[in-house]
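Presented below are the structures under discussion, each in the form of structure tokens.
Note that chain A is present in both complexes that follow, paired respectively with chain B and with chain C.
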Partner chain A sequence: MSFSNLFRFIGLRHIRMRPARTILTTLGVAFGISLYVAIAIINHSTRNSMKESIDAVAGKAKISVSAGVAGFEEAKFEIIRAIEGVESAVPLVEARAFFEGATESTDGLQIMGVDLLQEASVRTYKATDQRIIEDPLSFLNQPDSIILTKALAAKRNLAIDSKIRLSTADGVREFTVRGLLEPEGAARAYGGTLAILDIDAARVNFGKEGKLDRVDIVPAQGVAVEALEKRLRDTLGPGYAVERPETQSAQIDKLLDSYQLILTFFSTLALLVGLFLVMNSISIAVAERKREIGTLRALGATRVSMVVLFVTEVFVIGFLGSALGCVLGKLLSHRLSHQVATSVAAQFQTRVEISRLEFTPSQIVFTLVAGTLAAVLAALFPALKAAKVHPLESMKRHAETAGEAEEARSRALIVLGFALLAFTTVSMIQQWGTVWVGFDYLTKGSSVLGAALFGPFIVFLLLRGFGALTKPLPLPILRISQENLMRSRRRTTANVMALMVGLYLVMLISSVRSSFHDTLTEWLDRVFVADIMVGSNGRFINADVQPVREEIVQELLQIPGIRPIGEGHGAASRIVPIHFQGVKLAVKAIDHYAEFYEYRNIPLVSGDRVAVSKAFFESKEPAMLATGSFLTLAKKKVGETVALETPKGLVSFKILGEVTDYASPNGVIYLHRPVYANLWNDHLVTVFVLSLIPGHSFDDVKAAIDRGPGKKWNLVTISSREFKDQMQSAIDRSFAYTKAIEWIALLVGLLGLLNTLLISVMERTREIGMLRAIGSTRLQVSRMIFNEAVLQGFFGSIVAIVLGAYVGKLFVEYALTSSLGWVIDYHFPKAAIASTILTGVLVAGIAGFFPARKAAQLEITEALDYE
Partner chain B sequence: MNKAIVLALQVLLALSARAGGLSGKEIMTKNEEARRVGEFESRSKLTTGTEGSDAIRTKEFSFWRKVRADGVHNNTFTRFHSPAEVRNEGILIVENESGKNDVLLYLPAYKKVRRVESRQQSGSFMGSVFSYSDIATPHVDEYEYKLRGEAKCPTPESASLRCHEVEAIPANEGVRDRTGYTRSIAWVRQDNFMVVKAEYYNLDGELFKRLEASQIRMVDEKNKKWLAHELFIVNLKTKEYTKLSFGNVKVNGGIPDSIFTQQNLQKVN
Partner chain C sequence: MLLSVKSLEKTYTRGEETVRALKGVSLDIRDGQFVAIMGPSGSGKSTLLHLMGGLDRPSKGEVILRGDSMASMSDSELSLFRRKKLGFIFQFFNLLPTLSALENVCLPRLLGNESIKKIEPRAKELLQKMGLEHRMHHKPDQLSGGEMQRVAIARALISDPALILADEPTGNLDTKTGESILGLLREMAQTTGKTIVMVTHDPKAASYGNRLIRMKDGELESDELL
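Coming up: the complex of A and B.
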């Protein structure tokens, strides 16, 4: 028989005759692939969007000069312009603005303050009408003039001459739309969520008078970019970042690599669960079709044709599953993109706008090929097993008994599983992944495979213990179920593995989530001692708010019920990112109001909190407190000095203490605000921190602020409780996308378990017939099968909890620090225990329900006659 | 025989490129001399609209122009009076020998002087169809000329007169970038060498703008200087047009050089 006939008459017949199994296996592959595809699309699109923004803003510029969020003096522009080799230089002021009443970052937009009289030499814009602006003279002389992208205008239902209200450093201001841009040139930046203002209007409205954030430079013809870069650095001195757009793109790649590796790891896990399902399905099909294989072999089919037959069957399923996975993945990417972008933005303290989700034809082809190939590879081992089936052996009835060889193989797999978990442990503790990225992949892969191989061994131990415990109890059906599971090791292992990998993933993610959540909540409870926070629109929690003027505090202190704290200039904080050794850090510049709270808001790691904090605020020399991650990055210790680049040059700061803070994984520096304001020439305030006079309620004070300075300056007032709630919800949002990963992993696990349980009922048809023949009722048989499923679900979930929590602890304590920089304490996800067990039992119960019903419906005579 | 025919054709072509003994460059040199009024000031009006639409925008401003010490280049100063949103804005154009003009804009809303970058000078002047470089007068040396021939002057006011037809091509990329034109064709009156009509081609080589000058009157009899009191320019792509009218023209009334300074630009009454 030729192979094509073999596949047509045998392979395709099996695919058609077992539609449930074919559909389940195909869906398993499809769901696994879908998550992988969704994450791949989002990763690719995030990277592209961020790079596109860099290129769009840079335009024709080959070099850009900046000095952090606080910017630098406008006077420097003429110095830059006059440097030999500069053909054109154009200034830029950047700001974040929020639509009136915004409480979310999504209601914000990027402001580009440009000099429209100079822009043409660097950036290009294309207007929807003939000209970007109708009348440049009117536009430039009116600070309310604004140009929007066509996409943003359409989203907000705006047109030329529409009025929009945006929060600025001086409260809400009304702007008039005087131009619309097509999505070309600079208008492609930030996913089109941007507005163009004249540079002076941007300065006036966003508290940047006399300042610039950036100058983009086009070198003169024949001038080497490197030489000009050096000249700029030499002229400007420290405190200025002189960069090329490609350097910024490379930094983006570096930043995203580690983060996206974790996302890819989680999505690969779901894919692995799907492939596991394929392997199980084919393994069982091989066992089920042993007689058929024997017959075909006896009729002259070769071993190779047997392998090819099974592989081709899987090829069809793998291809269909991958194709469906591509479609589902694209849909899923739309659902997850915003959540992932939020999470990336929180991680890197940067705005991430994914302009479009790209799934290129080459990606589609790659996914189809890789998905199909992975499914084929997963089926290869059981297919090879099929090839080894001897015609004579296959003719024997009930040949399926675990031989010594199988026992030995099973023991070897347990040892391998243990060894892989041991490797995971050592590799994570020693942080081998930082030495070679290959170790990172190996470690993460080992953690899953190790748990999958070693987990069933623990399940058997638990089942044995459970058997001993329940032996005296009058629960015969439960005991039979337990004994069945113990006896059918191969089957039980397959079922447990299918379910456990999904639950293990859930537990691993829960460990990371709860560690972040609990660490930050404990920290907040310890250090956040103020009663009220006052700021402008935006999100307080990641300091993504419109900064306001410091003078506002004087008006706030006039409100009855607010206790004057601080040293005259108020109780304000300015939170900004700065660059240090090419890495983005967070600076928290705080006023000396800490004294009022007995310095409880200074989270010193060790030493006398009050003494160190006093020394910090009263120091005559520039001083700082810093987190451990900063000290590691700077290779400094407490007591030493570290030089920071400021717009006023290189300034040495004495490190007076180590603090705990989570504003940035790369490091956080605390500075006394007057020192910061002087060196960075930045007097804006991110948030005011206030205290209530005893006897006054928060609600009364908030109402008074809202009526007075709140209305005037567009301030948002929240209580400490609200702030903490916002923090918790921000953490939840950062991890929101992981919920989808968990759900898909569980769904694939459910499909896997359903598949293997259905098959196991089929395998045990004769056994069930015999049970029925010796007097078992349909209900008892059905309960037995259902009990088996639930027992596997229960013990499988317990093992998943233990192994997931263990690897989760390693992940939190070592991998998060080495790959992302976060230093957080491990917190066991207590809340996840009950839900994981419940999910495990529920999934197993659902998966066991249909096979149990099917088993109960079997006719005795048919069952006894079943081959 | 063939050589003789070629030679004869070359001679004919050379002769045809000189009208009445003048080459294209000589005609435009005379044009520059005729319109180079030593000093003049006026109260002017700029009206912009679109063909087929009733909506028009009008700006009123004072205008001062003075030839610099080199006798070739001009300084131009404009102060706006209306509408309200542009009141007190000022524009100072200083033409340089290098060909790179300094254009400074004063914005009263910010009390700041801003520089208009060279490439931006091909952009709209005061939201009109004129560009900054249209307002800064062209100079003979910045172009290469080709005399295309002579014909009846193409505007109603000068219909009874004869005109030279001269094509001008920017002499270098700097001029091309600043003006935004790859070439232009001017109809120059043979009697006084004033341009009555001009057509401008954009960087894609397409006909882009058409200018017509009218109310051409002698303003300085002693030095034989002429001024077109009304200029009408239309953007042939967008159908947008602008009419620039010079009223209350005063010539050689003694404009001090201090008018054309950054200090004066910032000085608002």
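Coming up: the complex of A and C.
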């Protein structure tokens, strides 16, 4: 059997001669693939950028020693350098700095305080004027010197000798750009948002006097890295992270895995929706071309060749769609990368600068192959149906209406749909996806296919109810439309499926988004007790701000209108990431706030809030409150003790209670700030939390702060309302990328419905001709087709809402909690109901418009003669 | 003997009812015969044609074409057999709408892995004989019913089959066009020596053949040479 002739003369002709359908199906695949590609590019590039930063900063170093954000005593450097097997060791002070007036993380830059005289043994720099690196004395002699990357300078229109104003621990300081770095070596780190200061200048400006953040070590020739690591650990004791760059990379992988689960979940579903469109489209094509297949079979084509014919057609569409999807995906990745980076940064207290979006040739080839194969796989089931078409079909004038066999098959598909949804339910509750990744894909596939197969059954029930309800009303055209939909089960099912899968995905995403949004908002309303927050430049909501000196609080408390905090109370919080068992957690070191707050800032899960909080703040021994995810990680219960590594050694903390906090999905620990400051030797403050004396306005107090300590220390003052608004918009922004997914899902749904509606008008040409012959006007015919589309859109939306919300609930309560660590309460997306129905009806209306017009334009005689 | 039909039976199940469409039909057809099968609706004439063409399988009995029994053939073998040994003319023409007249004629041999260049001269010759030299590159929707059926006849001849089966070939044509098609079929039988089996319920169409088989209730009622 010649497949090439078959494809050339039959398959290719269909592709070419039915451009509308070919384009619609190809676009369906392309949109599905594009989102998958965009997310894959972003995921891959995020990992690479973060790893690249680690490698670029590490340079030739094989081991690094650090002790968290607060750093460690400078004296340790000499101890490290003296350890046997250390060839060279260079110190580093790291800090985050913000351009004056910055309110966004993107306005920040990573400060590397280095000893340029020693740097060459570990890191390389290439400056536009190499003298600054080779002869750094002139740089060192001027303490306001700063070196920027060329990329950053270009972005901010800076040149050599330009002045820049950065907020520091002591307010705003002016620096002079003395050098610009080419994007090589360490300058590649942090996406180029990097500045080099002399190590002493960095210490002074960023509150790190007498401290180091990190020492990078190159082992001597022949010294085993593992052995040197062990010696370093033994010498330094607990509280120090002795790591290799690859260990840090592995941590990044672990960190991103959980975040990327949501992205991958949505993008896989979008891809599945696209593939579903292929399946639907080919199923319809097989039904429509039944007589052609019968003729080919009668003329001697084998069953296998029929399968190959359809598969090859889909192969071409799948390949074209995948290729287009690659292009669209790359474009989409540019649009989404910033949103995703912001979202990752917010959730993990990790700065993410995606330096470049890489779409490697191997990824392109993989996408083309996988996308095409997935499309072929989706078409296999309907293609196998084509093989079953009997040669006798060639002898029939018209395709038979659904016979008993087809009815039985349709019932079997409903049962299968129900079974798939049941499987989705059990698999998500039991979290089978964590046992074997195959289950994860099966569950995702089942959720879409199950909804697609079972959904139309509910739509029929609703249509029946609608029919009974509208029976007494004088709406003949609506009644005909409703009856048409009930009568043509196969057609209605195909249409509803096409639209519903898109809307189902929209609803699922809305469920996840609203659950996040409402859970965090409720939490925020409960625990956020202050009227005013004061900090330095940066982004308040993820605590990515320039920390400031704690003494500032005294000046703030002098401002008229600020409520006194009382003896033994404070107003400061320090929020920093720490490592625990190789996982990055958030520590919230908080003062014992004034009594008028009544400990409402302590979101205790259970127990007497006041009693537990009092015990926590007044405890003589180190104590903590922790989130459930931390307790799970540490395998501890309330009442037990857990040891944390501090710069002062391993310290046992008593766990006094469990709290709810969303600062880090891996876990959040609350410590009393004096305890933290003492153990970590970190007296800096992330934010001051203050309250107004009743009767005083926020604006007046803010103006007073701005005039006084604000000006002196470069402070930013915001109200609690502003903070909450910022938080909510941050949550919305975190999920902004999901809007793109919704659009794509809707587009795929629109394309699917347009496709099936156009075909259904074609199939019904004779019926329409007959209606016109017995007296229907063109308008009535057009209204009938349009009504059908809208009815399907309306009832399809309702079912999509129910099924999408149901699977969304499963995803939020089981998959998300287990993978993210956050306990997110499911919130039904009430706001999405009206918009989903409206969108469904609108999409159906748009999709129904063209077929309705086409039906109205049919000439009676031609329509009656139609084959 | 070109075709032998031996004790052919075909039983269908329709709902709970069992229909015996053929009740043990036997007949032989020689080379060059133009056989017309007539009978009222439900007489089994179309079922017989389908079984002769290997489009369907009998419940009992067998069909032997030039010594090859179709009963023992697999589905793929039967497809190959139809492609090489049989030609079909359908009531509704069954031309593929995406192919031109010329390509439709070439179709059976295209399915057999032959290049279009190799088939084209013969296809053109056949279309010329059908008087369609000026319509070769037209699509079916640009052709009249008579023209479409002539393309279908050319398609039936392209593989030079031993037997041509025609199912109501004039059933969808007006009288005048129908007569010209029947004239073509008779001429084809006479000039090329092809064997034609045609199912019809039009006595006038049947009169174009040289043998007439009448069927009733799934059995042969009469068999006469004209």
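Things worth noting here:
Assume the second predicted complex is superposed on the first by the 847 of 867 C-alpha atoms of A that agree within 3 Å, B and C clash if a C-alpha of one lies under 4 Å from a C-alpha of the other, contacts with A are read in each partner's own complex, and residues count from 1 in each chain.
Basically, a contact is a pair of C-beta atoms (placed from the backbone, for glycine too) under 8 Å apart; a residue touches a chain by one contact, two chains touch by 3 or more.
For clarity, every value in this text was computed on a predicted model and none was experimentally measured.
Once chain A of one complex is fitted onto chain A of the other, the partner contacts of A:Ala301 are limited to chain C, with no touch recorded for chain B. Looking at the shared chain after the overlay, A:Leu117 reaches chain B, while chain C stays out of its contact range. Residue contacts after overlaying the shared chain place A:Thr176 against neither chain B nor chain C. In the superposition on chain A, A:Gln780 makes contact with neither chain B nor chain C. Once the two complexes are overlaid on the shared chain, A:Asn678 sits clear of chain B and of chain C alike.
Shared-chain residue A:Gln728: touches no atom of chain B or chain C. Residue contacts after overlaying the shared chain place A:Thr660 against neither chain B nor chain C. For chain A, the partner touching the most residues, choosing from chain B and chain C, is C. In the superposed pair of complexes, A:Ser138 makes contact with chain B only, with no contact to chain C.
Shared contact residues of chain A with chain B and chain C: none. Of all residues in chain A, only 1-2, 5-6, 9-10, 13-14, 17, 291-292, 294-305, 390-392, 394-395, 397, 404, 867 touch chain C in the complex they form. Partner chain B is touched in their complex by these residues of chain A: 88, 90, 115-121, 130-131, 133-138, 140-143, 200, 204.
Of all the residues in chain C, the ones that touch chain A in their complex are 15, 46, 50, 53, 55-56, 75-76, 79-84, 88, 90-92, 94, 96-99, 103, 106-108, 110-114, 116, 155, 167. For chain B in complex with chain A, the residues that touch the partner chain are 57, 59, 80, 83, 85-86, 89, 105, 107-110, 112, 114-120, 123-124, 126-127, 237-238, 240.
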